[in-house]
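Chain nomenclature is as follows: A, B, C and D, assigned in order of appearance, with residue numbering initiated at 1 for each chain independently.
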Amino acid sequence: MSSSFGRIFRISTFGESHCAGVGVVVDGVPPRMSLSAADIQIQLDRRRPGGNKLGTERNEADQVQILSGIENGLTLGTPIGMLVKNKDQRPGDYGSMSQIPRPSHADYTYQQKYGIHASSGGGRSSARETIGRVAAGAIAEKYLYEEYGIEIVAWVSSVGDYDTNNIDMEIITRAEVDANEIRCPDTQAAEKMTGEIIAAREAKDSVGGVVSCVCRNLPAGLGEPVFDRLEAKLAHAMLSLPATKGFEIGSGFSGSRMRGSLHNDPFIQKGDRLGTTTNYSGGVQGGISNGESVYFRVAFKPPATIGQEQQTVDFSGNATILAAKGRHDPCVVPRAIPIVETMTALVLADLALIQKIRN
Amino acid sequence: MSSSFGRIFRISTFGESHCAGVGVVVDGVPPRMSLSAADIQIQLDRRRPGGNKLGTERNEADQVQILSGIENGLTLGTPIGMLVKNKDQRPGDYGSMSQIPRPSHADYTYQQKYGIHASSGGGRSSARETIGRVAAGAIAEKYLYEEYGIEIVAWVSSVGDYDTNNIDMEIITRAEVDANEIRCPDTQAAEKMTGEIIAAREAKDSVGGVVSCVCRNLPAGLGEPVFDRLEAKLAHAMLSLPATKGFEIGSGFSGSRMRGSLHNDPFIQKGDRLGTTTNYSGGVQGGISNGESVYFRVAFKPPATIGQEQQTVDFSGNATILAAKGRHDPCVVPRAIPIVETMTALVLADLALIQKIRN
Amino acid sequence: MSSSFGRIFRISTFGESHCAGVGVVVDGVPPRMSLSAADIQIQLDRRRPGGNKLGTERNEADQVQILSGIENGLTLGTPIGMLVKNKDQRPGDYGSMSQIPRPSHADYTYQQKYGIHASSGGGRSSARETIGRVAAGAIAEKYLYEEYGIEIVAWVSSVGDYDTNNIDMEIITRAEVDANEIRCPDTQAAEKMTGEIIAAREAKDSVGGVVSCVCRNLPAGLGEPVFDRLEAKLAHAMLSLPATKGFEIGSGFSGSRMRGSLHNDPFIQKGDRLGTTTNYSGGVQGGISNGESVYFRVAFKPPATIGQEQQTVDFSGNATILAAKGRHDPCVVPRAIPIVETMTALVLADLALIQKIRN
Amino acid sequence: MSSSFGRIFRISTFGESHCAGVGVVVDGVPPRMSLSAADIQIQLDRRRPGGNKLGTERNEADQVQILSGIENGLTLGTPIGMLVKNKDQRPGDYGSMSQIPRPSHADYTYQQKYGIHASSGGGRSSARETIGRVAAGAIAEKYLYEEYGIEIVAWVSSVGDYDTNNIDMEIITRAEVDANEIRCPDTQAAEKMTGEIIAAREAKDSVGGVVSCVCRNLPAGLGEPVFDRLEAKLAHAMLSLPATKGFEIGSGFSGSRMRGSLHNDPFIQKGDRLGTTTNYSGGVQGGISNGESVYFRVAFKPPATIGQEQQTVDFSGNATILAAKGRHDPCVVPRAIPIVETMTALVLADLALIQKIRN
């Protein structure tokens, strides 16, 4: 009973990797918004595994079908149901693994929790589950942009040991991010990251990475103390994504090494509002947006499914060797970009609508 | 409307730094538990600012009063109300700052959000707000230990640039943590950390740090996919604490630099259950506990309130100099230890009770 | 953002009367339940408007499609998505009414609330919205019967001024209820009710009625004081149904006229549990089931859409005459039977799962 | 875990009849409202058992203490904690009953649910629990009146078989209601009701009654389809009160006997809005307020605690005679008036704040 997220702009997702389809019901979408399937398809297409040399070869159209909540191109304020059919199921690829819980995958824990687990693919732990989130988040993004001019841009800031340099968060665009397959706008770093991913794939291995994200043009006042602080909701959203291991906002872990006299962000007048001269806070103070850009980073582990042979045990505890067949990404961060953006949008839309109560 | 946390074991906190008192209502506590104020006072005392050379000099007894939910030493299954009176209010200390939003503090954002803010102290953004959480979490801890033998131990793993070495998470105890004021069980590191905090205080400055935490003896199966994964709830809980900037579980950000063949935790038989030979996952897979120890780290920024003069502007945008008077900690991590532990307990108790539905 | 119901067994419905389809996501269904579309279709078929002389002539197959959450005939414990396509949309029938808010219908209030309303049919206020509830409730019913032997039976107890007599709630079955079209197991009353409905239809009018419902074999202990008392949740569920105006449990309004010495239900030993000699309480005390049968009554107003000419005004306030074309039921209570039953099941399944936390 | 009510204007109550105190945390109160203890005490005083010939003789000052959320007479937008101490505990009065579950009281069901029950008084099932609701609801009332001019007036409309006549809901005031002890503004009926209550008390018996309530000046648009319809939330709120057995809105059960041509409320222009010529709907259509007065009725059973001897069994099933000692009301409806009003205010304030999201 935890497939819902948000309080006012609230989504409920459904679907396993190999059932009839995956989808979402989005409740709380403001009425009278112009909205079409094309608005949603954009991010679904960015999320979709391409046929390129970096991603998996699974080819899924992932066309969204809007089931309800819109009439004549306008939202009614009622729940928007959306469905993406699973066309390419191929459960057989995974069949041989069903008696062996894949190391660092969720087979074992789902079995322990529910006494049953999806026999193929990852069930709800599959990345395919994120389709519903992305479809819903695309609506949230549109609302935030039209209502506030909010822009959300994520990019790959590291793969393995290769990091970006000199990304200017205040101006970076999605077009720049999408300029290469790795979705890293630092061209030199992108080249090294690509090499690392190819090397991992050739070694039948996988590699982790970090996604950075910035939100610009947020009004001050978003975030609900004390338990639904903006950063708490973002952290919750990001750590609910498959394969994530860490979240940091503003100065993050490196901020823990600083002195307050340096870390504090002094106020200055910026046009008709107060702003700050630095932004170690990452755009939040006391859990509430202050009008500066919100930025954060999310750590993704290397994917658990690898082609290499692994020494492990089956569900009965018998030693065995596992080598994954089937399709699998050597690195998830390029595809994670739209997922991080849309989850961010879900958090912000919810908090923005809640703040309307006080206006 | 976001002063509540948890779904089944659910807390609602109240109270500002300088009102009549702070407290909490805890709903969903299992009935027939033996419980007294002494059980709760232990963690409140650990949280309380001591009169020592590291903490603030504010002296508050912080005696908890149980208002309801217990009869003859047993819980009734009904809400437990708890109150800690504010004895030492001294709002005058802060009076001079009320027209100047403190840099990196919540004065400005609360004013933007609510159109009003507590004239003294930090209101709800004060660390004093955490008293209700700690009181509630102490009940959760007791439940988890009695029902499952779960042990939760946190410690200071860094202050500024000084880090611990060689902490064995599987055996570390609270007694070892409390053996020094800094709550760092690595004696050599503790000495350097103490020096750093004293140096910061003498410079009228502050310094950040990192708290580590381990949860032992968790049963497999806790955590609710997809949005209430164990790590998502922990991240939410930790980032809801004042002054936090980051969270990582298991391998965390360093895991993003690894290859899957190393990062994967192979299964082996451990007694009557499956376990893993390594634990890069941090005890969770697919958002569900796997029976191994859960461990994570939380980054705290340097406190925003410092005695040094800071160039900033007042609410009207006029340039001014601010130098905080009043009491303030140069470093929060030693006092954060019981807060991190009890917030962890709140997350685990909630997830453990939810999992009972499936038994 | 209020298309969800339940805390643990939680449903989220979507769909208007004339969009692509209506459906539901059911979260919290216990894992490892045997479940097929046929289990759900039973109540959908009972809910469906028949081609008979009492109901509307709209012919909709209303075949449910299960989208997720089930594998090899067993529930996975993950969300179950279900969809029923809208085949017979005919929006033109309603087109002429779009500028005139139908008296006692929701056109005007939806427009006031959202600034927009579905141009045809009733949008979300249409009885068609209840399809999602019924599909979800059919799962809840199956769970309750298999886990506890709980039986839920509803019947028509009045239409207009015609009331049932001598219904024995402890033994009445659905087969007896379905023995006639009016779903009234008192044959003599059923005949009069049928006459009343036909008379109303011939007068291009409509008529109200009352549905009674009994739940047998409930264990003691269901219901959550103080705000989620069993009767409060049932009242909430029933008054959330279109066209309902009243709810009473046990002695209900007539109980308000009694003395306590008569109304009190004395305890006696019944097998291995305590029972009561009378049941004015309706199976609940202090909001918690006591092991006796729970029974209640729900009042339905006459349908607002009638063929008679009505003097009213359009949205601009201009006087006009409205006479509904299109299909419409002269009386909703026969079709409301499975809706009342399945909403009851949703309430009980949720409370039964919550009570498991204490076992 | 169900001692909370509301989504945005959200209350969490605590306290048993004989613990240290009863109270409430109110989250979501709009900031910058003028508010003092006196604003709250008004309804607490109306709720308090008087020393008069109709009520119990228990004398409790029931002075509310505001713990948090207000500074300099203005709300901060943060949680408002409130406490009323239990001064007059006298648990001994009930001691003799602890082995015998009182017929139609909650002793037995609490024991079945929790495996424990408060040894004296009714614990959480006591009417004393409603103090927290009333304190919170008084804030909601003040907000609704100041923001919208909403007036909520309840009165006793029947006691036993004695009913009111000729109450004009559009103009009745609280002053008129409070003009007599029975809180029935129909003087002749009030006299008969008083006689009935005295007769019941002299017979060591109790008697039920009905409370009516009207809400005037509601804006159109309040109520959230489909599950949080205005009438569904009101029904939930009312049936969550101790001793309630029924709820009806507008035409209610009598409406189920009507034809649609009579029951429909035709629209007319009323000033600058549409209104209706009749109001059988009770001010709601499709679960949303339409701008007409909302009115409803609540049935209360006769109190279960009576002085007469009752044949029953103890917890072990042994036959016994029970005759209640201690204080007890022969009829609860006069004291229920402020409770019904404040619960209504809680529902409306929550829905009004939610609707702000769409403005």
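Operating definition for what follows: contacts are C-beta pairs under 8 Å (C-beta built on N, C-alpha and C of every residue); 3 or more make two chains touch, one makes a residue touch a chain.
Remember, it's a predicted structure, so these values are computed and weren't measured experimentally.
Novice: Please identify which chain has its centre, taken as the mean of its CA atoms, farthest from the centre of subunit D.
Specialist: If we average the C-alpha coordinates per chain, A ends up farthest from subunit D.
Novice: Name whichever of A-D and A-C has more C-beta pairs touching across its two chains.
Specialist: Pair with more contacting C-beta pairs, A-C versus A-D: A-C.
Novice: Please report how many Å separate the Cα centroid of subunit A from that of subunit C, as a whole number.
Specialist: Computed value for the inter-centroid distance: 39 Å.
Novice: Roughly how many whole angstrom separate the Cα centroids of subunit A and subunit D?
Specialist: The computed centroid separation for subunit A versus subunit D comes out at 46 Å.
Novice: Would you give the residues of subunit D that are in contact with at least 2 other chains, written as numbers and ranges?
Specialist: Within subunit D, the residues that touch at least two other chains are 1-4, 7-8, 13, 28, 31, 77-78, 113-115, 124, 225, 354, 358.
Novice: Please give the residue numbers of subunit B that touch subunit A in the complex, ascending.
Specialist: 1-5, 13, 101, 103-106, 108-110, 112-115, 122, 124-125, 129, 158, 160-161, 200, 203, 205-210, 220-221, 223-229, 231-240, 242, 244-253, 255-261, 263-269, 274, 276, 280-282, 284-291, 297, 299-306, 308, 310-313, 315, 317, 354-355, 358
Novice: Residue numbers of subunit B touching subunit C in their complex, please.
Specialist: Against subunit C, the touching part of subunit B is residues 7-8, 28, 30-31, 77-78, 225, 353-354, 356-359.
Novice: Please name which positions on subunit B make contact with subunit D in the complex.
Specialist: Interface residues on subunit B, with respect to subunit D: 1-4, 7-10, 12-16, 19-23, 25, 27-28, 31-32, 65-72, 74, 76-81, 83, 113-119, 123-124.
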